């Protein structure tokens, strides 16, 4: 703890019940000026819910005590908290896809104006903000054309641009690569120096230890412990989060990779002129890493048939194939876990069951093409158990799950499809540390059982822990290949940045 | 029981409303609650109910098919004109079937393959199909059908009009397809999130084609029943059903944004409309008052349901998931 | 420089404008009367009512709503204003025309507010609410008038269609003013931005301080105002009004807006596109008569043209997306 | 021509299920309700029913001119067990099956104004032959524009049989009688006067030498007259044809339209009630007694068809005498 600084916001006795299910129980949170408070907990522990209550986007059950900047309130709403200087980076980013970067950045500040919208003013303000933060986006681009990582940076920029007194970041780094993460750390440091109160939610504990001052652990909607960072070790936190101590042994699948499953030849991705070539073999986990916007996702989309390839060839099991749509890819045994789970993954309003089995329905129908409920239930039950999806209620609306649990449902979808090659794009984004280990273990299990796995990840520790081979992308090309044995986080980062060819 | 209720709230509201209406209307008109009239009522539902099945499926995918009415006219006129040209009835009916399939395929291709917004696409094809029928018939009613044809719309099984059984079968088949088959599942998921549907390996284009063809096949059935019942084929034979079907669909709890609802609710909606029209008609209430009643019931019932829901969950001020759905649709490339 | 040109070429409006040009050329070859001042003027004035309705519809579509009651709203306004103006039988033209327009707007706002209440407060889907109010309005209108027409509208009102400052038809001035007001509202006020933002991400709009209910309410009131305006223009144009006025106009208005680039899923605003969409439909109708296409063929031909035009627009949208994807990656590599 | 009888012999009050046996329940089913034509007719009919007594005149019709909807209303009337149905059919064949059902149920079926196939009804009360009226419409136009020149027809819905038959009559008569007339175009405007207006404008543009427009529906006349008025082409382009008086008064007054071909609707409507009552009472007609009603002196009767035969043209001279 640095200073016994002033308390900006204090919420006490906060409970929240969604149609009978209590997700927060008598929780409290205190935010102090010039201090970074880490909020950690397993998926579904209630972190995002607490934040939504803090911003007024959700209302707590009666009995809560809400104090903002010295004033106690009965109820708050987003407009007022925003006005008081509470700025939130929501887990779902809450950007306006149809507006430009400049319009998104200016959106909140404009509310204080006189109702007149001057595009040029917004535009120059946006340019200035982005420059200050060291980001370079086209301010006139509609946000829907940005990659997911870029959108995350934009959401951060928007929160910072409002000159807020309290900034809440709900998993801001889930899709950021090392370089962007550094930018964020720098921003956090500057904000702390400016006496802003910060809440930082993350599943990446090294990050928590690096930039936070205090930590609060939520478990099953209750605050289990809170205290200064120096008083904890990573293992303490994990124990507090899951209620017991766990062991983590990253066991990379070692040994000989089998024959080639996927071969990529000179595939042109995006506007580049140089093709991408690589292959993935049985029993092998290949990782692709790179900076935000380096084209990894686009490469995956091209392989998966989502975006047409401009040129190049694909081989599956040594045979050349044409993949014109994801359905073709699926028919060839290729699965893809997308990075944007809200837009590309989850079917809102539909059950966990429906969400999990959609890619495996072929195996669940009888002779009359009727979906056999018994088979479907069995499949869902199996993956709910294996992935520890909570709530373990197959009929629950998937969009009401916490971010991490949604991710697990999507993973279940693709594991249930039993692909021969599974491409996973930021597979552990938003997933808690326990589940992350579980996912790593499952991916390794897949590889061990003969599936080829292509992991796209911005998290270098994940890449190093999982992969047998690592490809580094930049500007739509592969600029380097290495193995975990012969590289470190630093050496990979250098490749990402400079992209020298071997 | 309680579970059944909470799972199908809209349907139960409609059942209740239906019962209530039944009582009110019986009180208003003595001839309402007679066996003859009840069969009549069932018969009056048939065409709208069948069209509504097709419309439901299309709307669940997040689309709409404004051309169903024109398809009915086109199919009927095609058959009648061919019969008038001396074709044997079975051949003419087969040709009508092919025309229906072609019309469905064209809609499906426009919406599913090319990605044209269904509303404009089917508005355009509606003009074109109706126009084609007008060209074939010079806009005239064609009554060339042989009497053997009238079995489809004028025959009875005991006291029950035969087409009522057809309607029941079609409703059951539609409900079955939607709830229990892979195709039905895909229909819902495309409606819920078309982008995610593609990412999940669903052949969205093919599924949408099948959807519009399904709607067209039901239009074909209606064309046969209706032209047989009235012994005539006309361009505008099905026009009146389009808007009514859409009303019934939304009334029955199917989201116009797609992805939610079920066909049984929509058919209950049809039943409610038919009872109002039949009952108030018998009670000699003017059509325009009937219109007002239907419009009011539409709003009042759903308002009541919405308020009840809000009281139950007592959730304040949030706009749940709607935004998410909206944005996902946007990125449909 | 090249980039701006490219940006212009990629606008949705271009495809529709191009369709209009192509059709115009074909018709002009067939009929020398097509490219005359008076015909162009006719095409513009006779589509003024639809233009106003479609403009309103554009706004309703932005937050992913829809209004199918605009035809009924138009009829109510036209009949009520028509009755008032025939009963009053006043003489002085210019002031009174303005008053009537205002009256129409007020009536329309009230009707729109009715829709808005149910959508914004009760949160019923707009399609249900407006289907309902449409039935109610028509039913009430028919029951009270018994289908009788309002005729005998004084000439000072109806003549403003042709006359107007500097020889421009009055109705066109009204359309122009409505367009400008709307464009300013949508593109130059934060409130207008709110509407667009709401269409992009409703949840986010709520979180960033947009009063979502107010916006929902507002768009229906604006729509109502435009329907009311259209109702008066209808009266001006026809010199009579009947309870069946504007039947089916709602679909044409929606189609025109979507042709112009609006989306039923919200978030898209193309005011110019909407006007071009109306014009395209108008030119098709005009062209069919002028080029002597037999009446039985007209629906078929216009249906095919509509399908072709919207397909072209969609294909262009997709090409635009691809181009944007490619160009963004390229610039990154160049850096 | 012998006098003809009602459908059922001895048909006094075969009142199937009517509550009060002394009055007949008669359902009048127009093509569409809410149209001024049928509303006016119904008002007159109600008056007549009042005058005569013993008739309960029920008015119920579809809200759009839709054949299937009209059939359903007929069905409802069968259920109600009315004594008679008087119908103006949307089209002549599609209601026939259900009308036959009605007759099977002992309900008398008469058509008024728009007939069905003869096997769908017992008697038809009509305005006169289609050929005569078509000829009359053409003659009216010729009386204004002369025997040569271009003219166009604007009709209502393209699928309205009645209108189509009238167009056929117009075409046939003008081709035969006036070779100088040139029918340049037939256009359809549905029931939308705004569309009719636009189409008329387009016609004026497309055919600068156009001399006449025949309206084949009330809405068409309004649109056409309005277009002529706006273009300031009074005296160059003549508008004649079908419409109703009130809506056309301003246009007749400023010469934007000249002649409305019509009939005395109120009188014609009342005829339906008189005849229905007589038929239900089992009265038999003979040539002599057909025109037994006061003021109906041009009735003709052949087989089961009774014709009114009084065409009435509204012009600047008489239009102000009528209010509907």
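As written, the chain order gives the labels A, B, C and D, with residue 1 at the start of each chain.
The rule is simple: a contact is a pair of C-beta atoms (placed from the backbone, for glycine too) under 8 Å apart; a residue touches a chain by one contact, two chains touch by 3 or more.
Note that the structure is predicted; figures quoted are calculated from it, not measured.
Considering the contact criterion stated above, the chains in touch with chain A and with chain B alike are C.
Connectivity note: excluding chain D, the chains that remain are still joined by touching into one piece.
Taking each chain's centre as the mean of its C-alpha atoms, the one that lies farthest from the centre of chain A is D. Once the centre of each chain is set as its mean CA position, chain C and chain D turn out to be 36 Å apart. Averaged C-alpha coordinates give centres for chain A and chain C that are 42 Å from one another.
Once the centre of each chain is set as its mean CA position, chain B and chain C turn out to be 28 Å apart.
Measuring from the averaged C-alpha position of chain A to that of chain D gives a distance of 72 Å.
Among all residues of chain D, those that touch two or more other chains are 33-34, 63, 158, 188. For chain C, residues that reach two or more other chains under the stated contact definition are 142, 199-201, 203-206, 267, 296, 298.
Each of residues 134, 138-139, 286, 288, 291, 318, 324, 327, 330 in chain B touches at least two other chains.
Of all possible chain pairs, the ones that touch are A-B, A-C, B-C, B-D, C-D. Of all residues in chain C, those touching chain B in their complex are 64, 66, 118, 122-125, 127-129, 131-136, 138-140, 142-143, 199-206, 212, 251, 254-255, 258-259, 263-267, 296-304, 306-307, 310-311, 314-315, 318, 321. Here chain A touches chain B in the complex through residues 19, 57-59, 77, 92, 97-98, 144, 304, 306, 325-327, 329-330, 335-336, 338, 342-350, 354, 358-359, 361-362, 365, 369-371, 399, 413, 417, going by the rule given at the top.
Interface of chain B with chain C (complex): residues 66, 110, 114-117, 119-121, 123-132, 134-135, 138-139, 243, 246-247, 250-251, 255-257, 286, 288-292, 294-296, 298-299, 302-303, 306-307, 318-319, 322-324, 326-327, 329-330, 332-333. Those residues of chain D that touch chain B in the shared complex are 17, 33-34, 58-64, 66-69, 71-73, 75-76, 78-81, 91-98, 157-159, 161, 164, 188. Within the complex, the chain B residues that touch chain D are 29, 31-32, 34, 36-37, 40, 43-44, 47, 134, 138-141, 143, 150, 154, 226, 229-232, 234-237, 239-240, 277-278, 281-282, 284, 286-288, 291.
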